[in-house]
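Each of the next two complexes has chain A plus one other chain: chain B in the first, chain C in the second.
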Partner chain A sequence: MTLLEIKNLHLQFQSDEGLALVLDGINFDIKKGETLGLVGESGCGKSVTGLSVLRLIPTPPGEITEGEIIFEGENLLEKSAKEMQNIRGGRIAMIFQDPMVSLNPVYTIGDQIAEAIDLHQPKGITSTWDGVVEALDSVQIADPESRAHNYPHQFSGGMRQRGMIAMMLSCRPSLLIADEPTTALDVTVQAQVLQVIADLQKELGMAVILITHNLGVVAESCDRVAVMYAGTIAEIADVEKLFENPKHPYTRGLLGAIPRADRDMNDLAIIEGSVPNHVNPPKGCRFHPRCKEAMDICRIEKPTDVDLGEDHIVACHLYG
Partner chain B sequence: MLRYITKRLIFSIPIVLGVTLIAFLILYLTPGDPVTNLLGSRATPEARAELSEKLGLDQPVLVQYGRWLGNVLHGDLGTSILTKQPVSEAIGSRLSYTLKLTLTAFLSSVLIGIPVGIFAAAKQNTAADHISMGIAMFFYSMPDFWFGLMLILVFSLTLQWLPVSGAYGPKYLILPALALGLPKIGSIARLMRAETLEVMREEYSLTARAKGISEWLIMFKHVLRNAAIPVMVMLFLALPWLISGAVVIETIFAWPGMGQLMYQAILRKDFPVIQALLLIIAILTVLFNLLGDVVAGLLDPRIRVK
Partner chain C sequence: MEKTQEQSSPQTFTSRLNSNRSFRKFIRHKPALVGLAIIILLILIAIFAPVIAPFEYDAQDFSSIRLPPSADHLFGTDKYGRDVFSRVVYGSRIALMVASLVVVIELVLGVTLGMMAGYFGGKVDTLISGFTDMVWAFPPLILALGLISAIGAGLVNVVIAIAITSWAPFSRVTRAKVLSMKEREFVEAGIAIGETNSSILARYILPNIIAPNLVLATLTIPAAILTTSALSFLGFGAQPPSPDWGAILNEGREFLRDAWWISTFPGIAILLTTLAFNFLGDGLRDVFDPKQTVQ
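So, the complex of A and B:
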């Protein structure tokens, strides 16, 4: 069953250089309980996609100009500010890259979790305090009763990220948007944090959008992957299918250049040329200046999404 | 926290001693002396020598300093060379006037400056923001004595609502406190706005939003508590400056505070009075610094909880 469906989403930012079309009509959906990986080079629009779903794009300078975000059958873009507050943290949660700066330094971890619980009043919790302890316990924080009284600076990086997960998942959302949740962490604790997310996902039956640079993480944790390129989605497919049989020239370049799937794509100058800027993007297919298979039509016409069957979607003129 | 405070107090003793010693040396080295002031320039050398000896001014400066310090530790601030009044008495009555003036100016500038700064930050880049910050910039740029003169011109001489000078009731406090406080309103509002905007851009503000907290609560619970920390420290650091800034304002408004006393004492080289006033200002500075750090510690667990 479809939980979230993004249709033809256009997002632009007013910048000094001009109007930047940061999301140029993206489409994807995510089913209940599923994990969708969102990958792409830095600046391609992964974070703003996540923020758009929660309607957290700063406006101005940002503006969603077109499209729909259908969550549990309702268009989030038509919700009032008050309705969105109930959805945020209640039905859709989001965690960020750097747990060192994403928790408020002047309140205890317990207070910050309690705030979410008091706000959303999730079912099945006897008291706020029990909810706090349970949430910390669920992310494997030892001695949650006393740890709840700690301030963020008394937690290590990995613990802070787990504290953040505890806070965001304390109200049992049906969708978690995790924006590079392990990028800022020590390699040794990355696996633990991903495991905590996976465990809670199973327990709550929650869907996860996992934004990452790391194709190894994708291979390990995701059911499906969406590959983004410069504000567009190049290809979406099941993980195995994408790794075994990539269709989009960009995806092929990515995977072909990576001998093993455990490399960070930002570390590799895998495809010649650089990410285009969003103010004056290339006409037609935004990838054409870097594409070895570019044809005349690619410079004129934007490719539409082509369904190759079995949920394998690619936006490329080769498959028109 | 208590240990921290004790430690800070102990460390501040050499600072206070250093400030008073330097003040002693500067007074000693600058031209003019109290003997000439008292006896006039045509006094006989014998008379001058006699008075110098009586006041202890013939001794080396370090001996004078040591003697003064010994007396201070025994609670004796000396006697004014000019008025023969005990210094503690002369200052005692004036200290309360100065505190009344500076604290009124300080509190009202905080009560106005902080909300204005928050308001401007919340309305960032709107007309309301630009106008309030324009006014704040103006307040901040003009010196307090200019405000003093303008206020007298408008409210005393032209409108005749408020008295020009003196200290005979609450009405007399308004203009000098305003003159002293207006530049502070400007700087406090500007700082509060800057700090608030900075915290609003912090990622934990985004986290709060992603949790579903209303904009109002984010501002008052998450943003302001953090923005207040540097502002508080700055306010307490600025308080002693406000007290010394009162020298000019007290003189303009004939406000019988320490500033006015200081002004007269410096003009006439009344060493014991100047020394005692500097000692008090040094102690107040150290105390307010400490108080600022204590408040910061209370607001910020990163300082308080190790």
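So, the complex of A and C:
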């Protein structure tokens, strides 16, 4: 059953150099309980996609010019500011990249979780304080009862990120958008945080959009992957299919660039060039200047989504 | 729940001051400690003025006019035979009262406007910032003089005039701080759990912009005391027989050559008080903002 569906989403930012088309018609959906990985280089539009869903894009300069974001059957783009406040944190939650700065330094962790619970009053919680302790316990904070009285600076980085997750999940949302939740953490803590998210996901039956540029994390924890390039979605497939049989030249380039223990480091593939400017993107397919397999049509026409069967979708003229 | 809120709401900056490093830094800042000591002493003097002062501040005694300092009259007497020491002691009440009222009004005005400008941005920001700059462009003393000539002399009007003419720095500092605060991820996280604008401003931004405003407030108090004294000296502020330091200074002006004590002692009081607040403000600034420390 589809939980969230994004249809033909266009987002632009007014910048000093001109109009930047940051999202150029992206389509994807996510089912209940599923984990979708959103991968791509810096600046390809991963984070703004996540922020668009919660309508957190600063307007101006940003503006969603076209498209629909259907969540549980309702178009979020038509919601009032007040309705969005209820959805944020209540039905859709988001966690951010840097746990060092995403908690308010002047309140205790417990207070901040309590604030979220009081705002949304989720069902099945008898008292706010029990909810706080339960939330901290669910993210494996030892001794949650007394830890709830700590301030963010008394927590370590991994604990803070787990505290953040506790706060965001205390209201049992049906969708969690995790924007590079592990980038700022070291590897062992990363695994721990991802495990906490996976456990809670199973327990609450919630869907997760995992925004990351770490393909290892994707392989480990996602059901499906969407590869983004310069404001477009290049390819979406089940995680195994994508890693075993990548279709889009960009995906192949990305996977070829992962160092592997059983291969010579010098054989790493390189994707020549760099991410295009959003103000003057290349005509046709946005990837064509860097694509080794570019054809004439790639320079003229924007590729449409091609369904290769079994939910494997690729936007490339090679398969049109 | 109730329990935690009680424990954790009002300790924004105190918790930081209590944290070891800041506290030690403050202890090591000698001038700030001296300033704090003088201010505490001054507050005690103001509270216990009736006990400390040997005479009423307006008790005239025509048998002892313009007596030099002695054991009976520590600071001497003025042209009506009033004890200058008692007048200076009572004057501390006026100085502190006026200064704190001015600062509170300035804080409320400046912080509110600054937060609105910084948080909402756009047209609101342009309007408020433009207005702030305009107010700031006037020399406060001249503007205050103009205002007082319009609304009349008196201490209450002095408070109003000073506050209205010098809240601009608070607005500026607050706006700048809010601009950087609202980009912080915890504010975004607050929006992401569904907080309203007013709750973001009150719970997420306000507690985090108190420190710089507190420093500014401490540094504004001496300015307020000086301006009050200046206005009283010119006859616009406290009216006789009110023992405002500026007013006493003015009363002694014509006898400066034969009775130096009448003007000198309130002058020293003004000097010490402003100096103490400046020292304390400098110390607080160093504690809250390590980047500005000059050592």
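Simple rule for what comes next: the second predicted complex is superposed on the first by the 309 of 320 C-alpha atoms of A that agree within 3 Å, B and C clash if a C-alpha of one lies under 4 Å from a C-alpha of the other, contacts with A are read in each partner's own complex, and residues count from 1 in each chain.
One rule holds for everything that comes next: contacts are C-beta pairs under 8 Å (C-beta built on N, C-alpha and C of every residue); 3 or more make two chains touch, one makes a residue touch a chain.
Please read all numbers here as calculations on a predicted model, not as lab measurements.
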Side-by-side fit of chain B and chain C on chain A, or clash: clash
Chain B versus chain C as contact partner of A:183, first or second or both or neither: neither
First, second, both or neither for A:104, with chain B first and chain C second: both
Chain B versus chain C as contact partner of A:87, first or second or both or neither: both
Which of chain B and chain C A:116 touches, first, second, both or neither: both
Touching partner for A:164 - first (chain B), second (chain C), both, neither: both
First, second, both or neither for A:54, with chain B first and chain C second: both
First (chain B), second (chain C), both or neither touched by A:148: second
Dominant contact partner of chain A by residue count, chain C or chain B: C
Touching partner for A:128 - first (chain B), second (chain C), both, neither: second
Common interface residues of chain A - those touching chain B in one complex and chain C in the other: 54, 56, 85-90, 93-94, 96, 98, 101-108, 115-116, 119-120, 151, 164, 167-168
Partner chain B, residues of chain A touching it in the complex: 54, 56, 81, 85-90, 93-94, 96, 98, 101-108, 115-116, 119-120, 151, 153-154, 164, 167-168
Interface residues, chain A side, partner chain C - complex: 54, 56, 84-90, 93-98, 101-108, 110-111, 114-116, 119-120, 127-129, 132, 148-149, 151, 164, 167-168, 171
Complex interface listing, chain C residues touching chain A: 1, 4-5, 7-8, 12, 15, 184-186, 188-196, 203-204, 207-208
Touching residues on chain B, where the partner in the complex is chain A: 202-204, 206-215, 222, 225-226, 229, 299-302, 305
